[in-house]
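By written order: A, B, C and D. Residues from 1 in each chain.
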Amino acid sequence: MRDEIMREELKEECGVFGIVSREGRASRTTYYGLFALQHRGQESAGIAVSEDGDIHLHKAMGLVGEVFDDAKLEELKGDLAVGHVRYSTSGDSSVINAQPLVFKTRQGTIALCHNGNLANSLALRESLKEKGSIFQTTVDTEVIAALLAGSSDSDLVISIRSVMKELKGAYALIIMTRDRLIGVRDPLGIRPLCIGRKEKDLMLSSESCAFETVGGSLLRDVMPGEIVVIDRSGMKSYPPEEKNEEKLCIFEFIYFGRPDSVMKGQSLYMSRKRAGKILCREVPADADFVCSVPDSGTPSAIGFSEASGIPFLEGLVKNRYVGRTFIKPSQNQREIGVALKLNVLEEVVRGKSIVLVDDSIVRGTTIKRLISRLRACGAGKIHLRISAPPVMWPCFFGIDTPSRDELLGARFSVEEIGRLVGADSIGYLSLEGLIEATSSSGFCTGCFSGQYPLDIEGADGRYALDTAQKVRT
Amino acid sequence: MRDEIMREELKEECGVFGIVSREGRASRTTYYGLFALQHRGQESAGIAVSEDGDIHLHKAMGLVGEVFDDAKLEELKGDLAVGHVRYSTSGDSSVINAQPLVFKTRQGTIALCHNGNLANSLALRESLKEKGSIFQTTVDTEVIAALLAGSSDSDLVISIRSVMKELKGAYALIIMTRDRLIGVRDPLGIRPLCIGRKEKDLMLSSESCAFETVGGSLLRDVMPGEIVVIDRSGMKSYPPEEKNEEKLCIFEFIYFGRPDSVMKGQSLYMSRKRAGKILCREVPADADFVCSVPDSGTPSAIGFSEASGIPFLEGLVKNRYVGRTFIKPSQNQREIGVALKLNVLEEVVRGKSIVLVDDSIVRGTTIKRLISRLRACGAGKIHLRISAPPVMWPCFFGIDTPSRDELLGARFSVEEIGRLVGADSIGYLSLEGLIEATSSSGFCTGCFSGQYPLDIEGADGRYALDTAQKVRT
Amino acid sequence: MRDEIMREELKEECGVFGIVSREGRASRTTYYGLFALQHRGQESAGIAVSEDGDIHLHKAMGLVGEVFDDAKLEELKGDLAVGHVRYSTSGDSSVINAQPLVFKTRQGTIALCHNGNLANSLALRESLKEKGSIFQTTVDTEVIAALLAGSSDSDLVISIRSVMKELKGAYALIIMTRDRLIGVRDPLGIRPLCIGRKEKDLMLSSESCAFETVGGSLLRDVMPGEIVVIDRSGMKSYPPEEKNEEKLCIFEFIYFGRPDSVMKGQSLYMSRKRAGKILCREVPADADFVCSVPDSGTPSAIGFSEASGIPFLEGLVKNRYVGRTFIKPSQNQREIGVALKLNVLEEVVRGKSIVLVDDSIVRGTTIKRLISRLRACGAGKIHLRISAPPVMWPCFFGIDTPSRDELLGARFSVEEIGRLVGADSIGYLSLEGLIEATSSSGFCTGCFSGQYPLDIEGADGRYALDTAQKVRT
Amino acid sequence: MRDEIMREELKEECGVFGIVSREGRASRTTYYGLFALQHRGQESAGIAVSEDGDIHLHKAMGLVGEVFDDAKLEELKGDLAVGHVRYSTSGDSSVINAQPLVFKTRQGTIALCHNGNLANSLALRESLKEKGSIFQTTVDTEVIAALLAGSSDSDLVISIRSVMKELKGAYALIIMTRDRLIGVRDPLGIRPLCIGRKEKDLMLSSESCAFETVGGSLLRDVMPGEIVVIDRSGMKSYPPEEKNEEKLCIFEFIYFGRPDSVMKGQSLYMSRKRAGKILCREVPADADFVCSVPDSGTPSAIGFSEASGIPFLEGLVKNRYVGRTFIKPSQNQREIGVALKLNVLEEVVRGKSIVLVDDSIVRGTTIKRLISRLRACGAGKIHLRISAPPVMWPCFFGIDTPSRDELLGARFSVEEIGRLVGADSIGYLSLEGLIEATSSSGFCTGCFSGQYPLDIEGADGRYALDTAQKVRT
């Protein structure tokens, strides 16, 4: 089981990848693409291919490298493929929920991969059930498939367009039919999806880093509300009827996206570094050196160092083998916790004052223990700087946020947080600073601002839950 | 992979078991019940339980003893349970098709287990797809669930009754809701389903041997077309509106059913033994001893011996470890084939004339090699006697028959078959004799007589296939 | 875990098989040979091959069909192979103890497979340790290898001969060097080992049934104390210097050996049947029918029926899927126990008096529950007849006997046993009758008579244990 | 299979950890200790515990987190434990070679863990075999155990001392008896071993980072030639009779050791950083920024940046999920190779001149492809700087070096190497500079200098091999 200490950050829910390949090695390229997207989900992986009208599927719990071997890839022949990696919350951690899902519908057999979260999925499920639909999984993908299958139009693109009118929330979809790959991004573009090319082959991916990994390159983002159809003859775009402003999840820039990915034309790495610079401008600090909480804090820490002139040093070493499976330290081995993941370089920190930079604080457990270990190793003043604002609100669009009473930012003032985690001073980046750092605009910032890009009053599920918990608090 | 030599008989497709238990150890009893039904399917096993309105499920490829361990059974708490063992044809040998299937519908969450085959499932699928249904599996169970979910009635029994009007074919169903277990048998009663009791607990099972195994006993068969509802307070029966004559698959008596099961009030063992006696009356033979092809031929061989006065001796030993997985002998190890499964007791057969009794001949491969090995071991005259008529027609009701051009009985006269397999004389039991042996009436005898209990003109799938192949021949 | 109910008989410890093959498919033939010997051990399986002087090995816990797949056999190239199946007592159930064991010694690399038990292995281990040997397993095979390696002779056969002088107990060995297969049987021939042929290929096996399974045939038994060397050019025999009378374990005839095996030139099946006849002569009984406890009781039951003229009927059905792994029924599911393995055919037994025949009684648990179930199904008088004498003493030669205070035969008189298990009358075959049944002579009968073929006064390990327990009683 | 691209560096062979624990949770602490040493071996893991005189063992192929789960750790009770992680060369990648090895000897049962390589192991094996020893593994640990067992002394420490006289090469050993943990380091101290404390518990480990991970701290290194005995009452040291100068493998400082480990009182991280500074002094370069090949090149790159004043930037992102198992890109997917592991941050490198720092070059494959990708992303001049001298000679002491004809440093001049890998300029750290960077002395530098700390003329195995290959070249 994944332990709280091992990952106290917010959790992404999925990564998707698809290709129409002229060489016909579609599953193999998808395999490497998923490899590059592994950070978006480590609990299940799957690939579906289309071969002469048949769709073949293999999926299982585990990492991409565990789920597939050479023999399994060999069986997945065909020139169209879609793949998926998934992070699953404990409740539904079953292979039944792994993706791609393959459905036989009146439009033929289709494979679906989805990243995101529908805010109205419970309502949609109920109304579909009323009309006679049955559900075998707990994932939104099945709701989308049921809606598609219910559409009477013979043209799948028209069906998709009409289904999109019913969906409320975040979705980046890849749909594979016998001869086409269709990419769909929600009208607000909350979750990312982009188009890549490798020679004549066209690809779709959650992040551009996958294109480079397979030897290709980024073409452009799928636009909010756009439907993109790729077949053996090329690509066709169906822009949205009415154009919304994009509302890309800003957390992709801060933490989820791999630093070597590009979104909205911006390098995530460079944005994070700029965030560090602005952080230094907004809440400067003086110290012997700037230290990051690796790996996610490093680009901002380097930015902070550049802006402040304070040298950047590595004071913490991350154990690269801390993975999905390991045995949780028992109560009386608490001290083992954070040290399994991060170790202090005593020679670097002893007697030194530190600007400690991380990307965000969610529950605060890790950072608190880390600061206490830094102290035990003789660190002097510790100035904690966070390259994003306090996380204060739940996410309704596919990110697994803890309930508000576990969110430090929702319960305490900035000063209180500093005291709670044991820092000598604390500073968060402002929302404006964060947006400036992206060199762009058009973001969802809901979890920071409480301002969601769409009306979530009627949003179901977790929100209701959260409200209940708020009462409890 | 299972090899042709290992199992050349017809293949059953499923076994189902369910219980409403007052002690709340429903999954454990179901586990043992499935153990007793393991002969009905060895490729996947699953159990679903209902606990406080939630349905929990575990299923996987493998034998019952492999799929479940103590920890997994512990997790399946609840006082209602249904379980399933499945034989799957190679094409759809995937955990996605394993049962029980659990569906969320407007009637709530239901678990379904199914044994049988719908003759009109393709047509139903197409029409459901037209109405917007999506299908994730290739099993009929999903079709039945989709029809149930489409029914607008709030009373599940009424829905079931109306869905039954659309189903054409063989089905023995157990449906589990949050608080009820519902047993359904098709109007012709083609596949078996019976009711058992263990103290105050009521159970449903494909065969009665499962009741004895768990320490209970058979109450009665579910009647053709009957719906039986079991809850914590007892059992309620909904007889069919119009009563059809039962048409139980006669192959359950001949081969599929465990000899210690009782169907139509008759012991299968005793029926098989009577079949041997009648076989002796119809096609007598003289020899030094009567020998069975173990295990399925033994009861009839003993009956033949009793009727003829010729002593029964074991001349063949079956390797009990020939199982699901083993490596197929290669071309130049052909001779290994039948010997892996059956070995000749040379001391018994040498110089002796033999009445060799088996239950049926499908492709004839095993019996041919067996006779040649008996000859090699010095056997004298071999009089082959089969305790059923020649298998001449495909089955549309859940049994995996080879296509007609592989069915010896469909292509050759009885004498030709005798010559082909190398017997000195051959005799089959007549259909009348077979029915007499059951001490009962009301059977499907389609694969022997070509007379099916329902109009299969429009029957889809395999039939079409078979026709195609006939042309090809 | 294997449950007491599932296997209350004595436990064999190993099966060995080896071949020098001209076709070079040695591992494949060995695989099928082990398949035929699977009844001699179900907990681990292994094959070693010799290819151009290198020895390759694969072994693991599990059945032959589970341990090997096509790919693994493909890797085991070479024209010499030895294989092993093992039953292991719980204490040492680890792959470290699985065989073959491969040793690098001054004589080169050798693979060893062993069936049997040294009575002086503890003493040998201690004295070898004194001389500096180290032991990594708990199996006697390693002791034998250490002794061989310690022998200064360059000729392996001379080394073996000299090592045999130190070994006290039962052993059937196959030793594979880079170019030879050497079969060795202890001077008393307690454990079986025989030579087979398939065209020009020579084989060694614990039982002859393996030869037939692979398409070959039995040549002869390895003689007690004989060393047999097989290489690509043929076979060479090194008879023992002084000839002892053979003392083959009589339990091989009664129960361990597959009925289709031949030992001492006698068919085990025919011996068992003769035992049933003599049993009828010695302790006759009158009843409506003779019933066996399948499968081991069947040949004797048929023999009893023939001798008595009382018809043989099957009154019990064995669940063929009761296997190695399954979950033990809990305390309050006691009644499930025996029914999982054996079910009563109520229609056969109701109101009938029965001669119930089994091969032996060890702890008596199964037979007691079985008789009580027969009563519950309405059986009348039950005359229990056992085709061997009471088991009263421990075995020191490779068979896992319970301690004396668990052996019914050691604690109670025959009449008391009859009463304890609930039989109306009871009768055991006499030792003389048993030997007569074998149509042969030269047996160890230690566990019946307490007369062991060699002085076990100094025998170590279990004996000491047993003595301790005797005191406790 | 691990691919050349994934790991082109030299390969460490083992990590060892042991503890005598007062709380009796010895296996659990060992588990976390091995977690911290996972970088020293990823192919097998094992833990042995001593409980009341019995030694229990669990080991298997796989990562620590895969090999152990809670249940397995629970079974490993006891207050003494030793554990091992292993990197294995393909030839002997079998669980038989996994460690700890447990031996029954005249000194009692002992568990052995070993890191290192004996230069005279073949000779020792031969002479032991001559004396009658048998070998079941291919690891040196078994040779050491055989020598120990051959020693006639009843005091294990005296035996160890006398065995050490026969061993030639590198070894860091942990030996566990029923009540003691014994740490042994070869007289030259080639492989590291250190002593740690956690409250009253004493520990042994290959690297000090394991002590911090389990909440303890480093006490001191085991001295070259020292024997350290830890029992429940404390620790006792047996210094070497004659003191050699230490010859610790300098590659531990450069690459093998985790940066947060301390050896010879020096932080490896700080040494690597100093190496970067000296590298700048010795072979300066001018560029827009300093870039490391992560992760191993980073500390030196930061040092180079500090010394030169050229800013440190991350231009490469490492995919953290590139692990043990994945499918090798096929020939026509060559381009995928390096990108799976390392991706270029185009925004950072485009149009910029770069000082590219890595720790060492072995075959040069990775660095060559990496430079070509940097060029493709628009990088300007690339000045390659390596923080160690060219690797020119094989290692005989436990590190898996390719044969000389694959070692770039052995075949080409520095300039040629620069040209071959495509760098605009190239510079290696001098050996003197490297030693200066360690702030210490007493190292083996054999693979750089060809000067080995002991006479390897007679060294067996790989050396002979290498010579042969040299001829071939």
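One rule holds for everything that comes next: a contact is a pair of C-beta atoms (placed from the backbone, for glycine too) under 8 Å apart; a residue touches a chain by one contact, two chains touch by 3 or more.
The structure displayed is predicted, hence computed values, not measured ones.
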Graph separation of subunit A and subunit C (steps between touching chains): 2
Most widely separated chain from subunit B, with each centre as the mean of CA atoms: D
Whole-Å gap between the CA centroids of subunit A and subunit B: 49
Intercentroid distance (Cα basis), subunit D paired with subunit A, Å: 36
Inter-chain centre distance, subunit B versus subunit D - centres from mean C-alpha coordinates, in Å: 60
Residues of subunit C whose C-beta touches two or more other chains: none
Pairs of chains in contact (touch as defined earlier), listed by label: A-B, A-D, B-C, C-D
Footprint of subunit C on subunit B - complex, ascending: 23, 25, 28-29, 31-32, 35-36, 38-39, 42, 63-66, 68-70, 73, 209, 212-215, 258-260, 262, 267, 269-270, 295, 298-299, 302, 306, 311-314, 317, 319-327, 329-330, 332-333, 335-336, 339-340, 343-348
In the complex, subunit C residues that touch subunit D: 95, 101-106, 125-126, 129-136, 142, 145-146, 148-151
